[in-house]
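Here the structure comes first, spelled out in structure tokens, and everything after it is commentary.
Chains here go by letter, A, B, C and D, matching the order in which they are written, and residues are numbered from 1 within each.
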Amino acid sequence: MGRIWKLLIVASTYLFLYVPIIVLLVFSFNTEGFPSPWKGFTWHWYGELLHSTHLWQAFLNSLIVAICATSLSLIIGVLLIFYAAQGGRTGKFLSLFYGNLVIPETVLAVALLSFFTLISIPLGLTTLIVAHTVLGLGFVIPMAYARFLEIDLRLTEASLVLGASPAQTFFKVTLPLLRPALIATALLVFIISFDDFILSYFVAGSTAQTLSLYILSMLRSGVSPVVNALSAVLLVLSSFLVLVFFSLKSRTRIF
Amino acid sequence: MKWFTRSLITISWLILIFSCLYLPKWEFLSNKDSLNVFAWGDILDPAAIAEFEKESGIKVNLNYYSSNEELLVKLKVTKGEGYDLIIPSDYAVLLLKNEGLLKELNYSKLGFLNRINPRLLHHNYDLENKYSIPYEWEIFGLGIDKDYFKDRPLIPSWKMIFDRAFVNYKIAMTNDPAEALPLAAFYLFKQVNPLNASQIQDVKNLLLTQKAWVEAYASFRGDYFLATKNCPVVFASSSYIWRTMKLFPFVDFIVPEEGSFITIENLCIPKASNKEEAVYKLINFLYRPHIIQRHFELFGFFPPTLDAFSTFSLDEKAKRWVYASEEDFSKFHFFRPIVSSQQLRDLWVELKE
Amino acid sequence: MKSKTTSHIPFTLGLPAIIWQIVFFYLPLLFIIVSSILKVSESGMIQGITLKKIFLFLSPVYLGVIGSSLLLALSNATLCLLIGYPIAYFLSFTSSRFKSFFLFLLIVPFWTNFLLHVYAWFFVLEKEGFLNNLLRFLGIIDQPIHFLNSLFAIMVMMVYYYLPFMILPIYSSLERLDRRLIEASLDLGGSWSHTFRRILLPLTLSGVRGGFFLVYIPSFAEFAIPELMGGDKQMFVGSVVSHYILGEQTGSLGAAFTVVSSIALLISVVVLFLLINKIMKRVRA
Amino acid sequence: MRSIKLTNLTKSKHGSRIIDKVNLTIPSGKFFALLGPSGCGKTTLLRLMAGLETADGGKIYLGDRDITDLPINERPINMVFQSYALFPHLDVFDNIAYSLKIKKLPKLVIEQKVFKILESFHLVDHIHKLPSQLSGGQQQRVALARAIVSEPDVLLLDEPLAALDFKLRERMLIELIELQDKLKTTFVYVTHDQFEALTVADQMAIMNHNGDIEQIGTPKEIYEFPISSFVAKFVGTTNIFSGELLHLDTNPTIHIPDLGDFSIDLPQKKSWMKEGNHVAMSIRPEKIFITKKEVKNFSNHMTGFVQSIVYHGRSTQYNILLKNNLRIQVFEQNEEHFPQEVIDYDNEVNLYWQKENVVMLEK
């Protein structure tokens, strides 16, 4: 009896998770636009998706922001770990980075928007990259540092004894050992930045439209099955990324 | 010594980071052979701008704002420097003019004045049109589901969204208090003037009562609610409904007989601009019939000139409003603040709390 | 480890992250806190300190908004916990062959743009949507129900979006749990509820707490879901903030409201934290 | 050139002195063992030599060169760690080639050197394996190969065999000795296992719990002639009696209360060897002859009861209770399958020893 209940709960939860997605995907092949019921099968909306320049511009913007923010937060995050590995007194600084995930993104977005406006930095892709990098650092540094502390100290000592300088040791021993955790974190940061809506909503200004903002504008105004087609494409993309994440077998947890 | 070096390193990093952040601004200010246009997000056709750039060899930098207030703030801060052409709405023109931020237009350089729809000129915000020329306009009204009203009484009145006696359906209402309040006040008092305390209370009560049959407050989704048959009546602007009507034939647009609201977007030149030659070239370009025609087709805003329509067939519905009679036009009002901005916001939050 | 040659290179390289964090995280936060108590003239001159902006938001109307946001966040976190715990348990205890598949299914939507999920729910809850058609087909209703633009729609979307935030921390705390403890407890004749209360819950408390606040905190400031799913008929903190911040010249007011509501959030988090501990004590006893 | 000299070396950790003014010279090209109980600071001493720790005071010389402040990576000293510390992300080849690549040697030279050492360590078949795919002994050999491939002046070994089983350990000890013979590199071998130290060392030092060096010498010197009861007890097993010195000039004797007087031999005069002084006497268990019969030709004799018998294979250990309730150990070689005399529990036995086989220690 308990078994059946358990299965029922789990099945209905997964149904809850996937029914909307399946309906969405099915309707991406409907010949008629959104409000109308199922009429017939077509690839038409995928073709239109291909030719929607605005959408691809937004997609490109999101991609640029996500790539820049991911690499930036990864690079400066790793360099901070490098500083820590060279015996820098980072203890007091590292606790600074645990706030990023704790405060609501809306508050961070509001604070950044007010700040940028105050010192009159033009809003756009750059400010968006800055904001997403802050978000990314909140993931990169705690995760990378936790992994860094797990590394057997004797490995770095062995490297030093074998004649490698502290810097060589970092790049030849520490960094390769951090790599799986870093890749997993980078994927996470990338997808969070790529899908981010709240920061983009506040900090992008009106020049830089990201994919999220484009979808929002479509949701707020006319909806078209092109969005369904887009969903299908993005689902494939994120499935792929999740697969990569899984195959890393790193012990990095998403939380 | 160590701290001195470290401070030096810190400062160099700060300078590097911030110079990267200010870079876009710099480029934008230093470019001499270009025009900086500051416009609403969805108002200029990128293809048209590209055509102009190709024809004239002048580079056009487009920057966007999302509200008149953003435009006002930015222009006040920079004293208009760095912008060559702006597109404020009616009341914003007045505010900018009062701040002394606008340049008088040189009419000798504008070749299209005789073509402009006379109804759009000489309004209160710029009586002699010394500083502004209308570029596009739209009317607010009701989007209607014709199917729904096939066998139900349809009256062209605001009562369709405000009067409990008429409303037995769901509506979509604007999500902008700066539109909703003047509209409610106009419905109650037949005028758009600053309100006293008891009038404010009346307006509030009206909106609170209306909430019962509001499906959603959405400024830009009225067409969606119409199209999905969620609401048979939505409050919306002509430009939005125009686009929807093309896709869904059962949608109609009506302007209540009590009168309604319009907005006119105008072209203005900030006082600080010194690229007169190029600006006028661009303005003249924007008023070319085929550009205006494309603009109308693309965005659904009504064009500023009448002759634009001679080149293509305009459907009857559009014609009625575009060629509105003097009398029709006198029923149109501009949105303007009728309570203090704090009252406006508090009332709106209270309404939805 | 220590090298006597004083090199500034590691410091120089490590610095950007710290600068970034201070300048683009703490400084802006400090700035909105300060600006919410500064009196600024029309021309932008600082004229002193005032609590006027703060007091403005201590009126019943705004406190009501904060209250309803807290309630929304709390009910969302509770619902997610009630649904998420059994799922996390199932995921953790299912045979390993399907485990990664189920985990995969859980994470994929989580890694896809959330606005698309909002959009997907339109299809389901629409007047002519999937759910209405299904119910009509089953003969449960004959007139379509207005699911959208209601509190129900808001809650559905909130739970849908935030569920993985709850499941994943609980799942990982279950993964770290020593299975033999549960077997031992059941072997020793402990009932299921006893085992759950005395063993499972205390040992996964960190995950439960983590998940709870991962859901609670962001849902407090949520604004897109109430707007899109609820027809924007009710104001929550997020909606007021976005209304003020992106509205007319009211940036500093928006900042002040952000500060006020953040303080309310902070207090509620502390209270909830203590409450959870207290409940846990009682559950264990 | 490859000798190490420590002068007044001092190191504190968490406020307590671990090493206090240690002076030690490790001769060039020798296999040197540093033996001490766990936690005595011998590993710290090794880490100071390697440069993994900084000294609070004192100097470290390599040959004539002061290397106290030389960064670790610039010291021509390598180290083999207790748990090998092989780089888990590099295969056997890359692990061994690590220090050569750091030195930026030509690729060909690196390959030559690595292959040569792989061959002599019988690791050629495992060249592309990761450390996690190797057995404990193989890992040990990779660690060793990695440490010597760059031909350091000194090789430090920190309990390198602790993780291996007994058989493997014995084999590795012999391999280590042969390796050191071949290379003539100075080996400094830290261990708490006296068997390992005695086996490998040319020279060894004993550290006590306070981090002081008690005695330096060859294994034989240390074992046969310990200079303190700590050394005597720590290296091998021994029986310690305390008593009073008598008749130093004529017939040196020790008086042990309840047991009587026993004659002793004092080849070297020490300042504490004074008439009437309380001293300790150490006799190794294998130096005592045990029998139930009465035997002549031994200079000393006492009796006791057999309390327990432990059979070790090549020898048998008897625990004997003496009259003064002291318990001592006696080893007997198992020379024959069927010994003529069977000693059993509770038997009264005679214990004999020669006075030359006794070491007198300061009390």
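In this section, contacts are C-beta pairs under 8 Å (C-beta built on N, C-alpha and C of every residue); 3 or more make two chains touch, one makes a residue touch a chain.
Computed from a predicted structure; not experimentally measured.
Peer 1: Which chains does chain A share as contact partners with chain B?
Peer 2: Shared contacts of chain A and chain B: C.
Peer 1: Return the chain whose centre of C-alpha atoms lies at maximal distance from the corresponding centre of chain A.
Peer 2: Measuring from the centre of chain A, the most distant chain centre belongs to D.
Peer 1: Identify the chain pair joined by the greatest number of C-beta pairs in contact.
Peer 2: Highest contact count among chain pairs: A-C.
Peer 1: Identify the chain whose mean C-alpha position lies nearest to the mean of all protein C-alpha atoms shown.
Peer 2: A
Peer 1: Once you find the CA centre of chain B and the CA centre of chain D, what distance in Å lies between them?
Peer 2: Chain centres of chain B and chain D, defined by C-alpha means, are spaced 91 Å apart.
Peer 1: For chain B versus chain C, what separation do you get between their C-alpha means, in angstrom?
Peer 2: 36
Peer 1: Measuring centre to centre with CA averages, how many angstrom lie between chain A and chain D?
Peer 2: Those two chain centres are 58 Å apart.
Peer 1: When the C-alpha atoms of chain A and chain C are each averaged to a single point, how far apart are the two points in Å?
Peer 2: 17
Peer 1: Could you list which residues of chain A touch at least two other chains?
Peer 2: Those would be 34-35, 130, 157, 160, 166, 219-220, 223.
Peer 1: Residues of chain C that contact two or more other chains, please.
Peer 2: 1-3, 11, 15-16, 20, 126, 128, 246
Peer 1: Where in chain D do residues touch two or more of the other chains?
Peer 2: 52, 71-72
Peer 1: Spell out the part of chain B that touches chain A in their complex, as residue ranges.
Peer 2: 20-25, 28, 41, 62-66, 77, 218, 220-221, 223-224, 227-229, 240, 243-244, 247
Peer 1: Applying the document's contact rule, which stretches of chain A touch chain D when the two form their complex?
Peer 2: 152, 154-155, 157-166, 168, 172-173, 176-177
Peer 1: Which of the residues in chain A come into contact with chain C in the complex?
Peer 2: Residues 2, 6, 9-10, 13-14, 16-21, 23-24, 27, 34-35, 37, 76-77, 79-80, 82-84, 86-88, 90, 93, 96-97, 99-100, 102-108, 110-115, 117-118, 130-131, 133-134, 137, 141, 157, 160, 166-167, 191, 194-195, 197-198, 201-202, 211-212, 215-216, 219-220, 223, 227-228, 230-231, 234-235, 238-239, 241-243, 245-246, 253-255.
Peer 1: Could you pull out which chain B residues touch chain C in their complex?
Peer 2: Touching chain C: residues 2, 5-6, 9-10, 13-14, 17, 66-69, 72-73, 170, 172, 175, 178, 211, 214-218, 228-230, 341-342, 345-346, 348-350, 352-353 of chain B.
Peer 1: In their complex, what parts of chain C are in touch with chain B?
Peer 2: 6, 8, 11-12, 15-16, 19-20, 23, 56, 59, 61-62, 64-65, 68, 126-128, 146, 148-149, 227, 230-235, 239-240, 243-244, 246-250
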